[in-house]
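We call the chains A, B and C, going by the order they appear; numbering starts again at 1 in every chain.
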Amino acid sequence: MQETLSRIREEKPLVHQITNYVTVNDAANITLYWGGLPVMADAKEEVAEMVQAAQALVLNIGTLNQRQVSSMIKAGKQANRSGIPVILDPVGVGATTFRTETARRILDELQVAVIKGNQGEISILAEGQGEVRGVESVGDYEELVANAQGLAAAEEAVVVVSGTKDIVTDGETVYKVNNGHPLLGEIVGTGCMLGSTLGVFTGVSDDYLAASLTAVTAYGIAGEIASKKASKPASYKTAFMDSISELTDETVINHEEITKL
Amino acid sequence: MQETLSRIREEKPLVHQITNYVTVNDAANITLYWGGLPVMADAKEEVAEMVQAAQALVLNIGTLNQRQVSSMIKAGKQANRSGIPVILDPVGVGATTFRTETARRILDELQVAVIKGNQGEISILAEGQGEVRGVESVGDYEELVANAQGLAAAEEAVVVVSGTKDIVTDGETVYKVNNGHPLLGEIVGTGCMLGSTLGVFTGVSDDYLAASLTAVTAYGIAGEIASKKASKPASYKTAFMDSISELTDETVINHEEITKL
Amino acid sequence: MQETLSRIREEKPLVHQITNYVTVNDAANITLYWGGLPVMADAKEEVAEMVQAAQALVLNIGTLNQRQVSSMIKAGKQANRSGIPVILDPVGVGATTFRTETARRILDELQVAVIKGNQGEISILAEGQGEVRGVESVGDYEELVANAQGLAAAEEAVVVVSGTKDIVTDGETVYKVNNGHPLLGEIVGTGCMLGSTLGVFTGVSDDYLAASLTAVTAYGIAGEIASKKASKPASYKTAFMDSISELTDETVINHEEITKL
């Protein structure tokens, strides 16, 4: 565990996000609540210039279109040149050929630091890496871990699988994070906001595995704290966002439920 | 009245929505809170493929542009081939030629299951169907009913007119729904969210008239319940969203104020 | 001080906004909560027609792209012809060449009634007007006032600089507004919502300086009132939005902290 939160609030990393228009407001707010600064530019005329001022780049394909994909590649190449982390959130990969091809293209053309997805998304991306053993494998925790590890190794990236028990791995070491709350699954945008969170945390640390592990854990703990204040989804979302803004390293360290597999 | 809510929560209909970027987050959340699953794809490369996985398609022209309109037509044609309901929310029709032509084009090229609009929007669309008797007719309830019926008959669709007293008609039978609360008119997005709601409800029932009637009634009742918890618009919105998530068929049946005209 | 709020609630000005997709929902809601009517059209096919029905036009370059910029120019020219105020919110100007060139192009091709920015944005725009004395000048209040005045004079516009102490000037008269609350800086969208607010207020008054001054003051007072109800950002945002909806001219007059410099 790193004392990342205090560093975020000191350094205020600028997180450039090319993301979907469904959850973009949540993504911007959570970035700010953690202590980072969000910027959401996606025009080809400016993404390369914008990313040069940033400490991390988040690519989220939730409502992708051809124009946006070109901007993602352009921004990503500049991020790679600048040595800042690229976080890929392959929303809905596998649902359409366009999404699958775009996610693969991003992984082929860019060096991605962190890939974050749910069980289905990570399994789809692991396919072709010889790690998926049929669609029915989704849900089997052991096979999911193998898929995540395979994908991480193949892409030389940290892989984060969100779910009841989150997985964080760099292909070798595998962590299981038990923090979190079922209510997080009952509001739109918690997946996307975790992607933004990974941008904020890797934006202040070169150790992407440790930063991702801390990010996932802190996020889950904020979700637990919020569940004590609200039980219905819209109120819970407000409580969750509030919890983010006042979370401290101490709380994270005291409440983490991380297991090294 | 159908016991639709329990069915929604069992079947979790996927509702594909091509919609405006103003209220898209609300549309996604309300879909989830009812028990459905939202997906917001609008790229021409993927809409036809995405809609094949869906149980309903919502088309909302709130911030339309040429690219999005092409995707709407493409997705709509596939929805027609697949036999899933298409819900049209003709936001702002009549305000510009582009909106009016687009709404008409959608009605001409697609078989729409439900058309939902406010009084002005429905009256505009009824025009040319020989049912509008001058712009001054807007506000006159009897003429509005005639307009809704005429449009429904001409388009072989269910027509929902939102307002103080909602109208739901298939051209023959006409229902008036007295449920609802004035505060729903004081927040942005309640019209769009009703469109998403119609997608969720028709996504689990082949009887689009009954499903639309239940949807409109349940929506209004959630609005009434929320008014007991909050009286200012932003708080009311949170209370309304929370109410949606815990509404039951029993509550709907006990509180419905439906009149068959 | 004008009794603007009662006039807004009577006249319900339609405020056409071409804005970013990050805060567009907030912009629409705050417009409605003040008593105005928001419309968010940005397609080149309809902007000129839509703006003809509006009482003000807000141009916000937060997530600009080429398609949107063309629509801004087109809508702006029609707004000028119609004699309604154009409000420019040059979000992030200076961060990229594209943003800077777009903001300059808007100022060159349109007659802008109000330019609203933070200290950095206004200083960037004042550059080339011979009023910026180096980037280090940002933060120095006196130089900021000189920059705002210079820009206002050069563009024949009202300039609003948001910050701890807001500045409102037409180039000659300069007002400092001490109302506001630090929590406004801890949520995403308060800058954009101030832009929408300026649209609403100038939409009911020909005296753009007085209307802007009242808008900035009322906005800050709503922020103060909200701070008594919530201290964490997400809850504060809800409280702030609620405060807007029930603010009266009387409250504004009683709480204003305006100094004429």
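Quick note on the criterion: a residue touches a chain if its C-beta (ideal position, glycine included) is under 8 Å from a C-beta of that chain, and two chains touch if they have at least 3 such contacts.
Here the structure is a predicted model, which is why all the values come from computation and not from measurement.
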(request) With over half of the numbers shared counting as same, classify the subunit A/subunit C interface as same or different. (result) different
(message) How big is the rotation, 0 to 180°, that puts the C-alpha atoms of subunit A on those of subunit B, in steps of 5?
(response) 120
(request) Between subunit A and subunit C, tell me the centre distance in angstrom, where each centre is the average of that chain's C-alpha atoms. (result) 34
(request) Going through subunit B residue by residue, note those that touch at least 2 other chains and give them in order. (result) 21, 25, 238
(message) So in the complex, the part of subunit A that touches subunit B is made up of which residues?
(response) 20-23, 25-26, 62-66, 92, 95-99, 186-189, 232-235, 238
(message) Help me check something: in the complex, which residues belonging to subunit A touch subunit C?
(response) 21, 24-25, 28-29, 32-33, 38-43, 45-46, 49-50, 53, 67, 237-242, 245-246
